[in-house]
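Structures given as structure tokens follow.
First subunit A sits with subunit B, and in the next complex the same chain sits with subunit C.
So, the complex of A and B:
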């Protein structure tokens, strides 16, 4: 270990049943899996037997961070939390959630690359980790408290610099749709109930150490500076949202900073300015996710951006909306990003003052106030889409007892009154009544409980449901066949942004195609949105690259909501980014010199281990037909437009079959079953995994 | 330093400073400014041709200094260090009736995508709602703008597109995607 930088060097193992605390050497055991999801999948493969259920003591939770966490590399604050996924339907399988904030860096400074949680405590506990030492502490006084109070309580004990990842009442009550949250708004979905099942209320970490950079420090600084210079706004949108003096292009991206636009609730107000990309001290002014998702009005309520350690993007916008204190009795200040930001709003179909009005903003504030304290997960908006569909189709009324149904203020709901959220959300966290209990199960188990066929959901484009209890996440609507392939691969929504961060980056299609030719071998890898061309091998290469980079980021602690960085806002680079930035950073930080291809190969090993775990626990090698499935709505256009015409996202069944063939071939897997071959495992030094699966008859 | 060289350096500096504020430098403005500083001789009518000559030299000597003429042939100058060609192109066309149509056509052709109407209320267009509606009305009556069409999204946002580059269905799908779809798929 002595020669390696990057890694802290130790993995912490906590057995809550026996209260045994131990450590193991990261390099010896996990170096070939980097960190993050890599360590997570490895632990799940080695230690969690097939047939284990998410809430069994035998299930484990791995909080994994990577060798770049806690360094100066941009956007390095992500912690991957891997476990058996309680909302994966019809059978729980391995998956991971990802939280930003400061937990990852703090864990490294405390001397650890991961925490493996196993067993079950006999009473509520929290875990205190400080500078190489861990202690299991009594949490009985915290049980029943929300996330905010728990966080403050532990922060008061450990000091304000510590990072606290806690669950709310939802997780305590074993609601599958629960999160763990650190730093108030940085959540990992699906994990809350699993922590609750182990009686683990929170983990507080504090470290005063540092992360060593193994190689030449000047080189490191240079690469970090290069990386910073390539950043766009959140989601690596490299073109501003409106014409700016310095910019050649403008597009409706999330790069909202502009002359005249102000953070209206900062005291005094702050103008974002034109945000010339060469000024690295103004990167944080580019993004305002509240204004992007809630509309123009959100500018007046914006205080500033907040975010993860070492990330200048600050995508968690802090809002101050004074009216919500008097109207709803909640704090005037809230912060979150993307789906968490709009959690409350998305339950409603209409608002009295329109979709971008004051009431919609207030619904967001109420939503954040409740869910980020109770610790409820929204499953990328699927909970709210399910809710609307079930209510407006009349199914909800039929399934919920009459008395219970009458107990809700449906007239308020239909009018778009945010007070309705006070009736609904606490009941979900507390499993009160049939409706709330069913919603808390996640889509797959809810449909099963209410006798609704999954196929009904898979035919309705508006519900955006994909498979296995989870929604689409940047599929054909964003990247045609490449997006479809990506959405078939995981046991929850895919959470992959590698492809969409490119296709939505704002550059004209001609420039995107020039970059695509350099990266994936042909301009034909990408199409203009809603004008898709038939499948070709370059789209399969793009899909493979996207998946591997996602897994790489999740294992290094880089943010896949930002990366990869293959495009940039820099005209002088012809908008090129740097396809090797990850391997440059990794090699310099750790001293383990790896080329881009070599590091991508490690990512492929990690991804393959996820595939192997899925195959083992599903007990079938017929992945193509039983796992990598595609909902019917992908092949339907509401107006009947044919595939491959401009103006539709409709895919063609035969073409998608070809897409899957090409993808499996690119991966070196068996086309018929969609399962990796023995040779594919061996190529990535997973021979033992191949042996294990061969013994079970699970390789083609 | 020769006086002519001093003038050239001063001109480049003035143009660059103006560009840093996000604006173009007009020939007339430059003339007034230099005359005010006493840097232009000879006097009177010859000043113009004298300055034209110097400006030609400034443009050829400085890679970043560019000349751009509006439709009525008035020369404008800017530095590409602070202003992009596209942005300068918008500024120089600001007073022209065709600006909205040209912007809409460019966007429909190169990205491709329709453009939300409200973008014209923001810098550098800075048009009022009335001015925008006025332009639209005029465009509706003139044959040369018949390719400019409108589509409205499900939340009521109006987008413009050119049917030379996008058909009606494609434009409406793209507008819905940009206005509603992207935010619903965070």
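So, the complex of A and C:
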């Protein structure tokens, strides 16, 4: 270990059943899997037997970070949490949730690359981790408390710098749709109930150590600055959203900073300004996700940007909305990003003052206040889409008993009154009543419980449901066939941004095509969004590359919500980014010199292990037909437009069959079954995995 | 020792750019003659605007990585992490204070490069905290530091860091005039500014009526040269 930088060197293992605490050598045992989801899948493969259920003591939770977590590499704040996924339907399979904040860095400074949680405590406990030492503590006084009170309580015991990842009442009550949250607003979905099943209320981490950079510090500084120079705004949008004096282009991106747009609740106000990309001291002003998702009005409520350790892109926004204190009795200050910001708003179809008005913002504030304390997960907005569909179709009224149904203020709901959220959300966390219990199960199990066919959901583009209980996450609406392929591969929503962060980066299609030619071998790898051309091999190459970079980021601890960084805002570079930034950072930090291709190969090993786990636990090798499925709405255009015409995201069935063929071939898998061959496993030094699957008859 | 540092007789000895003043006015106290450290004014210091801080800690990371080759907020000579969650008044304010859990405001703590007295330097039993050109920052000479942490106890702003790998104290040395933290801030919340010695300037809103007695004025002039 002494030879390596980057890694902390130890993995902490906590058996809650026996209260045994032990450590393992990261390099010795997990170096071939880097960290993060890599360690997660490895532990799940080696140690969690097929047939284990998410809430069984035999299930494990792996909080994994990678060699770049805690360093100054930009955007390294995410912790990957891997476990058997409680909302994966009809059969729970492996998946991961990802939380930002300061937990990842603090874990490294405390001397650990991962925490493996196993077993089940006999009473509520929390885990205290300080500088190489761990202790299982009594949490009976915290049980029943929300995430905020729990966190403050643990901080009072451990000190204000500690990072606390806690569950709320929702996780305690084994609601599958539950999160774990650290640093106020950084959540990992799906994990809360699994922690609750183990009687684990929270993990508090404090570290005063360091992460060593193995190679020359001047070289490191150069590469970090190169990386910073390539950054755009949130989601690596490299073109501003409005005309700027320095900018050749503008387009409707999430790069909102501009002269006249101010953090209006900062005292004094702070102007975001033109944000010339050459000024690395203005990166934090480019993004305001509250203004992007809540509308122009959110600027006046913006206190500042917030986000993860080491990340100059501040994708969380701190808002101060004084009216909510008097109207709803909640704190005036709230913060989150993206789906977390709009959690409360999305339940409603209309608001009295329109979708971007004051009431909508107040619904967002009420939502954040409740859900990030109760610890409820929204499944990338699927919970709210389900809710609206079930309510307005009348299905809800039929399924929920009349007495219970009458107990909700539906007139308020229909008017768009945020007070309705106080009726609904605590019931979800506390499993009170049929409606709340069903919503807390996640879409797949909800539909099953209420006898609704999954196919009904898969017909409707507006519900945006994909498969296995989870929604689409940047599919054909953002990247045509490439997006479709990516959305077939995981056991929850795909969470992959490698592709969409390129196709939606704001650059004109002609520039994107020039870059695509360099990266994937042909300009034909990308189309303009909603002006798709038929499938070609370069789109399959892009899909493979996207998936591998996602796993690479999840294992190194780089944020796949911000990366990759293959385009930049720099005209003098012809908007090129750096396709090797991951390997440059990895090699210098760890001292383990790996080229881009070598590192992509490690990523492929990790991705393949995820595939193997999925095949093993599904008990079938017929992945193409039983796992990699595509909902019908992908092939439907509500206005009847034909595929491959401008203005439609509609895909063509035969073309998508070809797309899957090409993708499997590109991966070196069997086309017919969609399963990796023995040779594919062996090529990535997963011979033992291949043996295990061969014994079960699960290789083609 | 008199806290007001009234020096009537002195001799100046230049040591590593610092002036060590041997004070011999203490016979009445029966103390043996001990040097009192007065340092050349630092040429600048880092100042911070909390309203702009976005809490990313890139300043702490740049400080420790680019200077020490390791990422370590604990040894960083700018301190943000400790105020990040609950603010300087501490976590008993819960959600009513500052920081990400309070009103959102993050206070960055920076070394004041104290003019004089210089509490860390005064406290060092080994005179390891010295003035270092070109910035005249007060820096820890690692060859002299014995790792006793007395400086950590002395700094009223808690700006001394301790590196447990090297067993030495460390403090802001202004990166020889190009502070890494200032360069690293993505929100322009930090600046490196020149110290301006206003000792002899008249306050703008007050008639300059304060009178310094001639012998005291002479003492001042020894350091604050006209």
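The working rule: the second predicted complex is superposed on the first by the 700 of 700 C-alpha atoms of A that agree within 3 Å, B and C clash if a C-alpha of one lies under 4 Å from a C-alpha of the other, contacts with A are read in each partner's own complex, and residues count from 1 in each chain.
To be clear about the criterion, contacts are C-beta pairs under 8 Å (C-beta built on N, C-alpha and C of every residue); 3 or more make two chains touch, one makes a residue touch a chain.
Being a predicted model, the structure only gives us computed values, none of them experimental.
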Which superposed partner A:63 touches (first subunit B, second subunit C, both, neither): neither
Partner chain in contact with A:248 - subunit B first, subunit C second, else both or neither: first
Subunit B versus subunit C as contact partner of A:299, first or second or both or neither: neither
First (subunit B), second (subunit C), both or neither touched by A:267: second
Partner chain(s) touched by A:217 [first = subunit B, second = subunit C, both, neither]: second
Touching partner for A:531 - first (subunit B), second (subunit C), both, neither: first
Common ground on subunit A, meaning residues reached by subunit C in one complex and by subunit B in the other: none
List of subunit B residues in touch with subunit A within their complex: 19, 22, 82-87, 90, 110-113, 116, 119, 122-125, 155-156, 166-167, 169-170, 172-174, 177-179, 181-186
Sites on subunit C touched by subunit A in the complex: 51-58, 61-62, 64-75, 81-86, 90-92, 94-95, 99-105, 164-165, 183-188
Touch list for subunit A against partner subunit B, complex: 242-249, 251-252, 258-260, 274, 292-293, 338-339, 342, 354-356, 381, 464, 474, 477-478, 504, 508-510, 528-531, 571, 639, 641, 646-649
Subunit A to subunit C touching residues, read off their complex: 70-72, 102, 105, 109, 148, 152, 155-156, 159-161, 183-184, 208-213, 217, 220-221, 224, 228, 266-268, 270, 280-285, 303-312, 314, 318, 320, 331, 333, 335
